[in-house]
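Below is the structure I would like to discuss, written out as C-alpha cells.
Read from first to last, the chains carry the letters A, B, C, D, E and F; within each, the first residue is number 1.
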Amino acid sequence: MLVEFGATRVLCTASVTEGVPRWRKGSGLGWVTAEYAMLPRATNTRSDRESVRGKIGGRTHEISRLIGRSLRASVDLKALGENSIVLDCDVLQADGGTRTAAITGAYVALYDAVRWLADRKALVGKPETVMHRSVAAVSVGVIGGEARLDLCYAEDVAAEVDMNVVCTGTGDFVEVQGTGEAGVFPRSQLDALLDLGVAGCAELAEIQRKALS
Amino acid sequence: MLVEFGATRVLCTASVTEGVPRWRKGSGLGWVTAEYAMLPRATNTRSDRESVRGKIGGRTHEISRLIGRSLRASVDLKALGENSIVLDCDVLQADGGTRTAAITGAYVALYDAVRWLADRKALVGKPETVMHRSVAAVSVGVIGGEARLDLCYAEDVAAEVDMNVVCTGTGDFVEVQGTGEAGVFPRSQLDALLDLGVAGCAELAEIQRKALS
Amino acid sequence: MLVEFGATRVLCTASVTEGVPRWRKGSGLGWVTAEYAMLPRATNTRSDRESVRGKIGGRTHEISRLIGRSLRASVDLKALGENSIVLDCDVLQADGGTRTAAITGAYVALYDAVRWLADRKALVGKPETVMHRSVAAVSVGVIGGEARLDLCYAEDVAAEVDMNVVCTGTGDFVEVQGTGEAGVFPRSQLDALLDLGVAGCAELAEIQRKALS
Amino acid sequence: MLVEFGATRVLCTASVTEGVPRWRKGSGLGWVTAEYAMLPRATNTRSDRESVRGKIGGRTHEISRLIGRSLRASVDLKALGENSIVLDCDVLQADGGTRTAAITGAYVALYDAVRWLADRKALVGKPETVMHRSVAAVSVGVIGGEARLDLCYAEDVAAEVDMNVVCTGTGDFVEVQGTGEAGVFPRSQLDALLDLGVAGCAELAEIQRKALS
Amino acid sequence: MLVEFGATRVLCTASVTEGVPRWRKGSGLGWVTAEYAMLPRATNTRSDRESVRGKIGGRTHEISRLIGRSLRASVDLKALGENSIVLDCDVLQADGGTRTAAITGAYVALYDAVRWLADRKALVGKPETVMHRSVAAVSVGVIGGEARLDLCYAEDVAAEVDMNVVCTGTGDFVEVQGTGEAGVFPRSQLDALLDLGVAGCAELAEIQRKALS
Amino acid sequence: MLVEFGATRVLCTASVTEGVPRWRKGSGLGWVTAEYAMLPRATNTRSDRESVRGKIGGRTHEISRLIGRSLRASVDLKALGENSIVLDCDVLQADGGTRTAAITGAYVALYDAVRWLADRKALVGKPETVMHRSVAAVSVGVIGGEARLDLCYAEDVAAEVDMNVVCTGTGDFVEVQGTGEAGVFPRSQLDALLDLGVAGCAELAEIQRKALS
C-alpha cells in the first residue's frame, strides 16, 4: 500500500513466509521484521544507493529496527504461529516524517497480510486476535518554542526538538524517541510534545480503521 | 516519471550534477549513466535487497550498463558539455520487460533533465541538439515457434528465444541482444524478431514524442 | 578512561585531530563523533567480531549515533573551532546499560581532550566555554510494574519497558528513548521513568564533576 | 586448456563436482556455470584486482553470465545428471575478443570434463550425447564502414559497431549481442555482421573438432 | 586475563564451544583458533576500526594466524576431543611486542579454559595431558648492531632486524620469524637473536607456571 | 615472466607507475609492493575466487606482504626515486613452494622494470645501483627427521617443520620463517635447515644472474 503524508510517499508491503528464522524455531512464536530504504531520488538532491556503496548506513539500520520493534507490538506473536512477515517500507518521495509514515502504513499492510494468512487457513486464531493492538506513529517537534505536529522537511531541519511517538489505538506508548537537535529541552516541552503526539496518533488510528474496513 | 507497460511499473528519474567523473575531466564531454534496481516486492515472491546482501548482483549490473549505453546513444555528449546525468530506474512492479521499459522511460526523463539544464542556461546548444536521437526499447520473443512482442513474465519464462531491441526513432539499431533461453534459433527466426522489434520501437517513439510535447 | 557501572566496564577515549570532515570545512565549527563497540567476550557468550563479519550491525550503528548526538550537545562547536574529536567507547565487560555508561564516561574523556587542546593553545575559548553543558545518561526500566534505575543485564531482559535518559547537569533533556519491550506503557509509567532518570543523571553529573577536578 | 586468438590468451579449465546447487537438487538436471576474470597485467596498463577492491565489476559479471549461458546451450543437462561443472576463464593476456575466446576455449575444456566423467562411469549417457551441440563464438565489428572479423584491441576501440556472435556447429544462433559503440547501425550492417559471424564460428567449430579428436 | 609487558597491555580470553568446524567433524580432534585486534586508541595515533573499514587488514590476519598456530602446538588436539576454543587477544595499549605478549597470555587463558572443561567433565584426559607443551613468545631485535630482548615501540621502529621467537617450556622452537627491517642480517646475528629469544621464553615459561598454580 | 619450480608455475609481472602513495609523497623514496593470488584451478581441487567471496583471505595477505618486504630489500628506494612498482605474482599451477617461487621470479621482473625505467631516463642512478642486492627464496623442510630442499605439495603436507628462507646473493638473510607444522623442532634442526636454505638460494641467485644477462 502507498502511504502519503503531505509530500511524503512511502510504499509499504508485507511478505509472508512460512517458518521463522533458525534461532526462533520450535518456539511456536511468529516473527515480524522490517526493512526501510529510500530511493536515491526521494530527496531533493540525489543520494547514493546503499547497494552500490556496499553497505547499509546507520540511519537506515536505525529506522528499520524502529519499524520492526513498533510493529511487533501490534502482533500477538503466539497467535501468529511460526510464520514470518517482512515489512518493506520504500520511500519514493521524502518530505519529513518518513519513519512515522512507514510505521503507520506498515500496520495496514501487516493487517492485510494476516488476513491473507487467515483466508488460507494458515492461522490458528482470527486476524483480530493476532493483530491485538493497532499501532500508528507521528513526528512532533518544537519550532520557535512552539510544539508542532507532523513536520515537513523544511520544518524538521529548523526544529529545536524532534520527537517520534508511536502509540497504540488506545493511547498507550509503544516507543518514544526525542532528541534535542539544536540544544536541549525542559520537561514542560517534553510533556507538550507527548500530548500532541498522542492526539496525532489517535487520528491516524481512526484513518487506519477506515482503510482496513 | 512512472512508466507502465502492462503490469510492469518503473520509476525513472534523472539527476543532473555539474562536472564529470575524474577520468573525463577537461574533455569537454558530458556523461550519462544509469542505475537499475528492483524493489524487493516488485516480483511475486520477495527477493532480498542488494543493499542488505552487501553487493549488487550480475543481472542488476548488466541491466544498468545496458540502460546507460543505450541512453548515451541518444545524447550528443559534446553538446551536453561537462555535465553528468544519472538515470535511476527503480522497478516498483515487474511483469516482464523491465529493462526495455526502463530504457524507454529513461529517455523521457533524460530529455526533461536536458530541458531543465537549458532553462537554467547551463547548456550551450538547444535541448533538441543535445538529444540528437530518440531511443526506445522493446522485448520480443519466440513462443511456440511464433514471434511475439512485449512478453509479460509468464510468456518470458516460456519463451524459446528472448530478445531486446533498442532502436532510434529513425529505425536504426542502438543495441540488439538475443539469447536462446531454451535452445538455439535459426537466422529466419532472428530476422522475424528484428522486424517485430523495429516496429515496436517505432510505436514507442511516437508515444515518447507525445509525452514530451 | 575506564568507566564502571556495576559489572559493566567501558573504555572511553577521545582522539583529537585538527581539521573537520570535508562537508564541514570553512564553517568554523568543530565536530564530535563516536564509535561504540563490544569486545567479543564482553558478554557471557562470545559474539562474532564485526570486523570479521565485514559489516557493522544495526545495534552498533544505532548506539554510536546516540553517543555522538548526546555528546555534541555538551559542546559549543563554534568555540571548539575546526577540530574533530572521535570518542571511542569499547565495552570490555557488559552487564546492562553499556550505552548510557559510554555516554557518561565519554563526557569526561571529551572534557579532558578539550583541556588538552587548551593546553596546546589550540583553542580560542576556555575549556569551560567549549564544554558548555555537562551530559550524563542512565538506563531506567519497569520490572514487575515498578520503575527501576540502572538495570543490570538480567533485569534488562526482564524489563517490560526500557528507557534511556540523557540529561544535562541542569536537568534538561538531551535525548529520551523509551521502548515497550514486552508490550506497551501508559503515560503514568513514562512519567515515573522520566523522574527516576532525571534524578539518576543528577547524581552522575556530580560524580563527573569530581572526576574532572 | 590455453586458447590463443592473436595476442589474446585465455586459460580455460573445467572443474567437476558431484551434486548441484541447492535450488536444483532432485531435478535430475546438471548445472554448468562460468567465472571470467582478467589478471591485473593482462592489459597494457595494470588494472586493480577485483579481490582487492572487494567486489566484482559489472563487466566481469556480464561476461561470466554470457559464457555460462552459452555453454549451457551445448550441454544436455538431463544427460549430464546431477553434476556441476564450473568453467574458469582467466585472461592472461588481452588483445580484444577475450569473451569470445573464452567461450570457444571453454567448450573444449567442458567436453574434456564430460569425457573424464564418462571415464569414471559417472555419466549415464555417452559424452557425445551430453555435449549435444558444439558452441563457438567470434567478435565482429564495423570499422570505417566495413564489417570485420575478430577485432584486436586497437580495432575494438575504433569500431563503430561491436558484436559478439555465439553459434552452434550447425550455424544456429545461441546468443547475439550487438552494440553501436560510436553511434547506431542500420539493418544492412547488422545483416553483414551476422553473415561474417556465422562464417567465423563455422571455422572455429572445425578447429574445436580437431582439438578434441 | 590481562597481560602486561612494559606498557603493552593485551586482554586474552578463551571461549569454548562444543563441536568443531564442519571440515573437522568426525575426526575426533579438537580445534584452537585465535583472533587478534587492536583497539583504535591502543597506539599513540588513532587507527581506524577494521569493522568500520569493512575488512580485516593483512597485519591483523597474519598475527591472528600466528597466534592460532602457536597455541595449537601447546595442545594435544586428540585429548581435547571435538571441542573448539577461540582465543581473543585484544590489545588495549600497544608499546611493541603485542603479538608475542598475546601468545604468552593466550597460553594461560587456554590452559584455564581446558581446566574449566575438565571441571565440567567434558574432557577425556586431564588438563595437563591436553596441554602437553607450554608455549611462550618474545620479540628480539638488533639495534645499533646489538641483540636486544623485548623491544618497546621506539626500539622496534629503530631495529635493524626484528624477530619473533615462539618456544616451548623445554626450549624447542614452535615458530621463528625474522625479518631485516632496515637491510639484511648475517648468520652470526641470527644465531645471537635465537640465543636471546630462547632465554627470554624460558623466563616467561616460569612466570606462566606460577600464574597457573 | 613465468617461473617454474617443478610443477609450480607462477606468472610474475612488474608494473611501474610514476609517483608514490600519498603517505610517502615528498620523501624522495620509491615504493615496491606485491600482490599474490592463485587461480582457482591452480590446485588439484578448485578453490573459490577471492573476488567472488568479496574478501582476501589471511594466507593471501600474508604471502603478499612477505613478497613485498623481501623485494624491497633488493632495492635502494632512494635511487629508485618517487616511482612505484607493483609486483603481481599469479600462481597458474601450484605444487608447493609458491611463495618462494614468487619471490625468486619477482626479483627478475623487478629488475627488468628498473631497466625499463632507466631506458626511459626516468631513473637517476643506474639499474645496478637501484637493484643493490639480489634476492631469492627457497622452501626447506624436515621430512622423516631429514632436512630437505624445495618441497613439493605432497612433501609439504608431510613435513614436520616447514621453513622459508629468503637470502641475498651474498648469503645474508632477508627473512626467515620456520614453523613446526606437526610439532616442535630443536635448535640443531633449525641450523640444518638454515644451511640448506642458504645453499639453495645461492644456486637460484646464479640462475637469476643468467636470466638477467
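Here is the rule we use: a residue touches a chain if its C-beta (ideal position, glycine included) is under 8 Å from a C-beta of that chain, and two chains touch if they have at least 3 such contacts.
Note that the structure is a prediction, hence the values are computed from the model and not measured.
Looking at chain C and chain E, no chain is in contact with each of them. Counting steps between touching chains, the shortest path from chain B to chain F takes 2. Seen from the Cα centre of chain E, the chain whose own Cα centre is farthest off is B. Taking the CA centroid of chain F as reference, the farthest chain centroid is that of A. Measuring from the averaged C-alpha position of chain D to that of chain E gives a distance of 49 Å. Between the Cα centres of chain A and chain C there is a gap of 26 Å. Separating the centre of chain D from that of chain F, both taken as means of CA atoms, is a distance of 34 Å.
Contacts with at least two other chains are made by residues 54-56 of chain A. A single ring links the chains, and its order as traced from chain D towards chain F is D, F, E, C, A, B. Across the complex, chain B meets chain D through its residues 55-59, 61-62, 64-65, 69, 73, 133, 168, 171-180, 183-187, 190, 194, 198. Those residues of chain F that touch chain D in the shared complex are 11, 13, 15, 17, 35, 37, 39-41, 45-46, 49-52, 54-56, 60, 86, 88, 90, 92.
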